[in-house]
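Going in written order, the chains are labelled A, B, C and D, and every chain counts its residues from 1.
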């Protein structure tokens, strides 16, 4: 189904184990809802504890979640002994983050041996309707032992 | 001292009132430590509740804090009735965010009527030594009523 | 066919007239090959006069063409009396720009009254095969008289 | 004088030889005006052959020159057998590029073994006055044989 072939058949377990170590994901009430080769989705509920000054979700909170989604999307395609780190990203915020819950969707655009380019979207879910409120373009690096 | 002249003499009170409404800043234990025309600094302590998978501060957490610092730096120069929003930003992560505490430093590069460009740094403080671990280039917009 | 409705029915003529004034497009031998609501394609041939140090097309040349494609994609949806300017963009370079010709494809992601977000791709055409070699995320502004 | 120590004492000759191979620099009438460890400046004159639709220098042309300045700034610190490539960059355009000549100034922010982060400015020179019209944040990679 996916255009990408993982080199490590245990990629999903590896992503879940790493996600469980990200303290900030627990703080945000975030959970992994999709782990496929080259694509990861993380969801989290609205909370005023994550808001900016107008009561919307803070841009940086959305960034945190979609960065992890992009990083883990890259990580699904990396060898078992590699770690993944974000070199840099850019995010555009297109609409206020209004909704009951949010999804950070990360996808691999180009996977390389060292550098992987990913794109991500943040989707706000409100009254059963989904809306893309932010979009990311990110560069990930595979760190080998 | 500053190269910028605020149009609203109450800019600092306006920034502090807005900061107090950002729920995520309380969640991060963050506080405003400098509010000058065109420059704002926000500090927060290390916490495993803000970590990524290696126990360092998550890239998105650093981004959240330096985004608010940049946004408020822009806000210091805006008229009293304007609100500030992040259109977009890009961040490079240069070193692991290791330290006891962190500073997000936001500075105005170019202030315009509608668009303000800011640069930001995230500084890790460890054993009394400061190190720039991330750098941001951001675009803010003044929203008028 | 398009998800976007232009407000100015003469959008294509407006894009073509503006393109004809961009001196650098003539210097690059570039031509408009598609002008639809929210999408513009610009093509140009390989030339050593546009190369970087390895003989590939320079990253900045690709950027120039896909920036114009994105700007004009935004411009197709703007009112007749507005001008378009690039506020900022970010580009990732994924493969060397090897080919006989190149396409800059610009698409509107979110059109607003003042700010329009676009995404762009640079496609290298070699021996009849197309490959995405760079991808852009850009912010355009409508300037009104 | 510089904070950076080049590993290759012949860095300047290496930069000049590579610059001479960039066909687009000749097309733009650009020349290297400074090559120091971690900092490179490239200058070019105004030409309508490099313009956008209002007769200013095209954003992409400025990007081309400041990208080369940043890339060569990184290259000054790389070992003799490495090549430099741009992974990605982001540029903000702050003022129209009006002037008789322009400077692309590239500086190393953080030099690593594989990844180097650079910042750049484009300066317009008009009637003897200099103005920063664009600013870049870029990621360069050292490619080893």
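Simple rule for what comes next: contacts are C-beta pairs under 8 Å (C-beta built on N, C-alpha and C of every residue); 3 or more make two chains touch, one makes a residue touch a chain.
Note that the structure is a prediction, hence the values are computed from the model and not measured.
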Of C-D and B-C, whichever chain pair has more C-beta contact pairs: C-D
Centroid comparison with subunit D (C-alpha atoms), farthest chain: A
Centroid distance [mean C-alpha coordinates] between subunit D and subunit C, Å: 23
Euclidean distance of C-alpha centroids - subunit B vs subunit C, Å: 33
Per-residue multi-chain contacts in subunit D, two or more chains: 87-88, 90, 92, 117, 139
Chain-level touch network, classified as line, ring, star, complete or other: complete
Residue ranges of subunit B in contact with subunit A within the complex: 18-19, 21-24, 26-27, 47-55, 58-61, 63-65, 67-68, 83, 85-93
In the complex with subunit D, residue positions of subunit A that touch it: 87-88, 90, 114-115, 117, 139, 141
Touching residues on subunit A, where the partner in the complex is subunit C: 90, 92, 94-95, 109-110, 112, 117, 119, 132, 135, 137, 139
